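There are two complexes below, and they share chain A, which is joined by chain B in the first and by chain C in the second.
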Partner chain A sequence: MQQWIQALITGLLLGGLYATLSLGFSLTWGLLRTINFAHFGFALLASYVTYELSTVHGFDPLLTLVATVPIGVALSLGLQWFVSKVKLDMFGTLVATFGLLLVLEAAISRYWLQDLRRIPTENNPWLSNVLSVGPYTMPVVQILGLVAAVALCGFSWWLLQRSRAGYAIRASVENPTMARAFGIDATRLGYLIAAISGVSVAIAGSMIGILYALSPASALIWVPVTLAVVLLGGLANPVGVAISATALALAESFTRQFADPSLAQLVALGILVIVLLFKPSGLFRPTVEVSER
Partner chain B sequence: MTATQTRAPEAPTRPTDNAARRWTTPGVLLVLVIGLAALPTLQESLGLDAYLIVFGYTLFFWVTQASAWNLFSGFSGYLNFGHAIFYGAGVYVTANLARESDPNIFVAILGGALAAAVVAALIGYVIFHRGLAHEIFALFTFALAIAIGVLVRNVDAIGGGGVLMVSMVTYPEFLGSVNEMLYYLGLLLAVVAVVAAALVQRSRLGLGLFAIRDDERVAETMGVPTFRYKMIALVLAAAIGGASGALNAVMISFIEPEATFGIDVSVMVVLMALVGGRRHWAGPVIGAVLMFSLSDRLTGLGMTELSQLLTGLLLVVVIVGLKGGIHERWQRRPRAGLITFLGVLLVLLVTGLGGGFIGALLFALLAMIVVLVVPDAWWARLVNRSREGQPR
Partner chain C sequence: MKKNSRAFSTLGSIAALSLILAACGTSSGGTDGNSSTGGSDAGGSEDPIRVGGTLALSGPLAATGEIHRLAGEQYVEWLNDNGGLLGREVEWVLLDDESNPQTSAAAYNRLISQENVDLLIGPYGTANITAAMDVAERNEMVFPQHSATLTYAYDYDRHFPLFASGIDSSRTVSETIFDAYAELADEAPQTVGFVVNQNPATDFIAHGHEDAPGSVQVAQERGLDVVLEVDFPQGNTDWGPIAQRIKDADPDLLWVGALGGDSPALLAALSQIGWEPRHQFHLFPAPGLLLGAGEVAEGATSTTLYEPQEPYLSFEGGQDVSEMFTAAAEEAGLPYAVAEMQAGLSWATWQTITAGVEGAGSLDQGEIADYLVNNSIETVLGEIDFDPEQNNYYGDLVAIKQIQDGEFTVVYPADKTADGTTIN
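Let's look at the complex of A and B:
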């Protein structure tokens, strides 16, 4: 019983990280029609910046968010500017951002080399800072991460479903010509979405830097689970992202606890395959149903 | 309006011209293949570097993989970002056969093709049976390649607990040394892949795939059996990729899941086809020759990171500025391209600049590309200026 509850807690906390990482990917795909592979490069860069600032300059790892969030936003806005300038279709964005991911990875492995990097324990108080409730333990930084995930998903939901900007965004995705005729400035709203995506990817990247060891190739480890979260959760559906991230993280956590831990990484993709077989549209509706193709 | 109405519906056909034209390309290719097949026997007497045999094999390997990828993904528009799954299936067939005793290379190649075809049929069924969008296919195959790498790493029955060795294979004696055997069989598979792609392109299947790429809904309405065509093409592409992977296991001999299912193969074939052009069987061949000689030179100079950086930048540049690939540009001015290529190659080989045959090949290709990608407007001005004074 105790094991079950501990696995539940671990899974919930992991779900926070998955949701934060997947939210930006889902929003840009669903609303900006950009499949952003470079997302994983942005996260990797943020985690390396967290590593660098806390290891070399001795900053508190959480404080490095002050640097990583602007970097994430700047990269995200820059990409959105580029994509809208050269007028790529969704397919083109997938290839181009993949190229960008390779460039980021090469640059990172040039600067930080190929070795595994990890913030040393004396510089990383958050790794040992654990909240104990009875027999159960939960790392404080992951609780904060979960709070951030809930805040980001909640804010995105409010923005898209309840605010005037949200109405405008949804309208301009559903019917760009008509929305423009009504005076909606889709470009500015696009930058807003890109900025939210940048904030969330930076937070996720810093969390990864605090919690895990880093290597330039490790960006790709996150691709299967992110894809599963995004496709199950419905494109640009923040609530769907939160729920499916939690569900997949729980499944992974239970697999790690009660079955073969080495196969836990495969659980998310396995669930995605099963869902694709029986319900290809995913478990949640996308925020905007685009009729073309 | 009147002009189009008065024009004859079809240009009059000239049978002799057509027949000659139809056999030009196969003829040139046949001569090329015979020349390449004779290279190992002539290599010493011509005084060529022995590395050329290894280079040749690896080049054939990439031509095979890129053509196989393009046969499905380029023609149908369903971008496969996990071609390494099929390649890796072949690699691991040889690796597992080699656990017991030295396998026969032909058995390994057939086994590799079969294994990859089965995997492709499963993946194709999951994605295509409900008609999922092609972006999902791209992401799904990419994620699946990563996941299969993890799976193979952890399942000892397939991955042997991390590393498998392929030390030796059996093959008929007349194929010579291991490197020569690889060269001949690599050439054979490359010919199979290119011919298969060319035949598919001209067949009903190819037309159906092009229709799917242009607009799948319209194709479906017009009676193209989209599901069946996609499955056939994917399985065929996978079988060729798997066969070539099974052969390549002998080349790499030290087989690891991460290197096999990693992004190297998956991304390289996409890039080769994009650079060369996806709408024609010749596209991936051009792309493979160019990209492989480039990365071979860069790796030779010890600049692996620069090679990755260039790969990434090229992906961006090609998708933004060269959507049809080099082959499409080639079709606009074939003569200028060919003359530049052969001229630069000849000059570099005779003068010995460019550092050996591979360097000369690379520089000749780059010069050709420069000539080909000059925008049409500038090109017209250049050509007109040189022709000034001539009667029109």
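Let's look at the complex of A and C:
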């Protein structure tokens, strides 16, 4: 029983990271019609900035969010500006952002080289900072990550479903012409979504920098699970993202604990395939239903 | 009109991407060859001798590929400063295989058919080497290589391996590890838990292949109780459940078939759940990252074939590789700038092709191969006698090193250690 509960805890905490990383990808895809593969490059850059500031300059890794969040927001805003100026369609955004991901990888490789990087333990107190409840242990940094995921998903849900800005965003996605006629500034709202995406990707990136070894190629590790979370959760559906991220992380965690760990991602992706077979739109509805124009 | 503008924007983005990709390719080696000649003392009027090879300069193997690039560049510089080959300057034509076996094979075809290289040197990584070796064999070219572990598969008679573990590498490496603990540990392990990356290299050493037993079988043959056997995928993102399984099994010896950053991540997860290994072995970790793991890695052992200490420093070129690689790595900004096994393997591979050409006195591939199988070759790993009866493998030179007081020290076998060194 103890093993089941520990696996449950581990899965929930991992779900927090998955949700934080996936939220921005889902929002930009569902609301801005940008399939942003550069998202993974932004996360990688945030990871390396966290590594650099902690290892070379001695900052507490969590405090590096002061730098990574503005960087994430700036990059996301810059991309949104570019996409809106060039007027790329959705396929165009996929191609262009994949190119940007490669550029970011190459730039990171040039500055930090291809060598593996990891914040040494002496610079990373969060690796050993653990909350113990009875026989159960929870890394504090992952608890904070889970809190951040809940806060970001909760705020995004409130913004989209309960605020005037949210109504305007949904209206501008559903019917841009009508929304413009009512004086809704879709461009400005697009920047708001991009900024939220930037915050979430920066937090996820810093978490990855704190928890994992980094290499320029490591950005792609996160692509399958992020796509699975986004497709299961429904585009731009923050609650769907949170639930599907948790479900996939739990599936992985129980597989690692009780079966063959090498099957963990396969099980998660198997769940995706089975769900899509029976419910092609995913487990949750997109926040905005848009027929392809 | 709107459709047209969309089409143009899509085409525009594709064009932009093409330019970006082209730029990336040029900057990282990509499809354009980088060449290196280093120093310039060698010479004369003849064209340089061109040595062709690929390395994983991008992709998942690039961290180690970078070490081989730096070591190779330093060797070529050293070689040219010392007269080159046959009195001619040496030029290294290096391509990026992107950590991909298919790319590696295609690049070796290009090196032979278009770049017209005179000699080959192998890439990094078991799968890439295996793919490239097929190309070398079709062209009957000498193929020295530094890091492939599927020893049983390499029967090409002009292939010269420098990963000096013997042809039964999955057995010999395993025996060496268990011998070291049995002979040197205060309390020899009775139980062992295996946690293994599914990469072909680590998987082969751990699990062997048909008639070639791996560490798991060797442990059982020696009477050790295997209390845990878990494989994990490359790029594993969650170590908590695996750590919990290790804690539940509580092995005397934790045997980690690790690559790159696996080990510090696993040790951090073990530390978080309050389990400390009594003995821990890590197969192919990134040494700098393992040292950076701090106190939890103290006492961790690993394999090596070269370390910057005696007796290796006294072997042919041992001092050179240590000094030159460290200087180059520090200048390049590598976080761990010590010349250890990978740099040593790279240097030894270059020493092998150098010895073959100088010994044969020509660039004839058959004569070079004949010289290498009929003569002892002095390398930074020690003296090597390629044995055609064993796919050109030879004795097992693998040693065991351990983190003691925050630094790697060779602890086994005795002829590779400082006096009085023992395992903790």
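Here is the rule we use: the second predicted complex is superposed on the first by the 292 of 293 C-alpha atoms of A that agree within 3 Å, B and C clash if a C-alpha of one lies under 4 Å from a C-alpha of the other, contacts with A are read in each partner's own complex, and residues count from 1 in each chain.
Just so we're on the same page, a residue touches a chain if its C-beta (ideal position, glycine included) is under 8 Å from a C-beta of that chain, and two chains touch if they have at least 3 such contacts.
If you're wondering where the values come from, they're calculated on a predicted model, not measured in any experiment.
> Superpose on chain A as described above, then tell me if chain B and chain C fit or clash.
The answer is clash.
> Check whether A:161 is in contact with chain B, with chain C, with both or with neither, and answer first, second, both or neither.
In the superposition, A:161 touches no partner, neither chain B nor chain C.
> Identify the partner contact of A:84: answer first if only chain B is touched, second if only chain C is, both if each is, neither if none is.
neither
> Based on the superposed arrangement, let me know which partner A:276 touches: chain B (first), chain C (second), both, or neither?
Only chain B; A:276 stays clear of chain C.
> Applying the document's definition of touch, where does A:96 land relative to chain B and chain C: first, second, both, or neither?
both
> So in the superposed three-chain picture, is A:175 touching just chain B, just chain C, both, or none of them (first/second/both/neither)?
After superposing on A, A:175 lies clear of both chain B and chain C.
> Is A:227 in contact with chain B, with chain C, with both, or with neither (first, second, both, neither)?
So A:227 only meets chain B here.
> In the overlaid three-chain picture, which partner chain does A:262 touch, first (chain B) or second (chain C), both, or neither?
A:262: touches chain B and chain C.
> Which touches a greater number of chain A residues, chain B or chain C?
C
> If you stack the two complexes on chain A, which partner ends up touching A:35: first (chain B), second (chain C), both, or neither?
Once the two structures are laid over each other on A, A:35 reaches chain B alone.
> Report for A:117: first if it touches chain B alone, second if chain C alone, otherwise both or neither.
Only chain C is touched by A:117; chain B is not.
> Given the superposition on chain A, at which of 219-227, 291-299, 363-371 or 381-389 does chain B overlap chain C?
291-299
> Residue by residue on chain A, keep only those touching chain B in one complex and chain C in the other, then list them.
Looking at chain A, the two contact sets intersect at 86, 88, 91-92, 95-96, 98-100, 102-103, 105-106, 109-110, 217, 221, 260, 262, 265.
> Which of the residues in chain C come into contact with chain A in the complex?
5-6, 9-10, 12-14, 16-17, 20-21, 23-24, 27-28, 57-60, 62-63, 65-67, 99, 198, 230-233, 235-238, 240-242, 244-245, 248, 260-261, 264-265, 268, 271-274, 286, 288-289, 292-296, 332-336
> Spell out the part of chain B that touches chain A in their complex, as residue ranges.
Answer in residue numbers: 79, 81, 126-127, 129-136, 138-140, 142-144, 146-147, 150-151, 153-154, 216-217, 262-263, 267, 270, 274, 305-306, 308-309, 311-316, 319-320.
> Which of the residues in chain A end up touching chain B in this complex?
Contact set of chain A toward chain B: 35, 86, 88, 90-92, 94-96, 98-107, 109-110, 217, 220-221, 223-224, 227-228, 231, 260, 262-263, 265-266, 269, 272-273, 276-277, 280, 293.
> Applying the document's contact rule, which stretches of chain A touch chain C when the two form their complex?
Those residues of chain A that touch chain C are 3, 6-7, 10, 13-14, 55, 86-89, 91-93, 95-96, 98-100, 102-103, 105-106, 109-110, 112-122, 127-128, 130, 132, 137, 139, 211-213, 215-218, 221-222, 225, 249, 252-254, 256-257, 260-262, 264-265.
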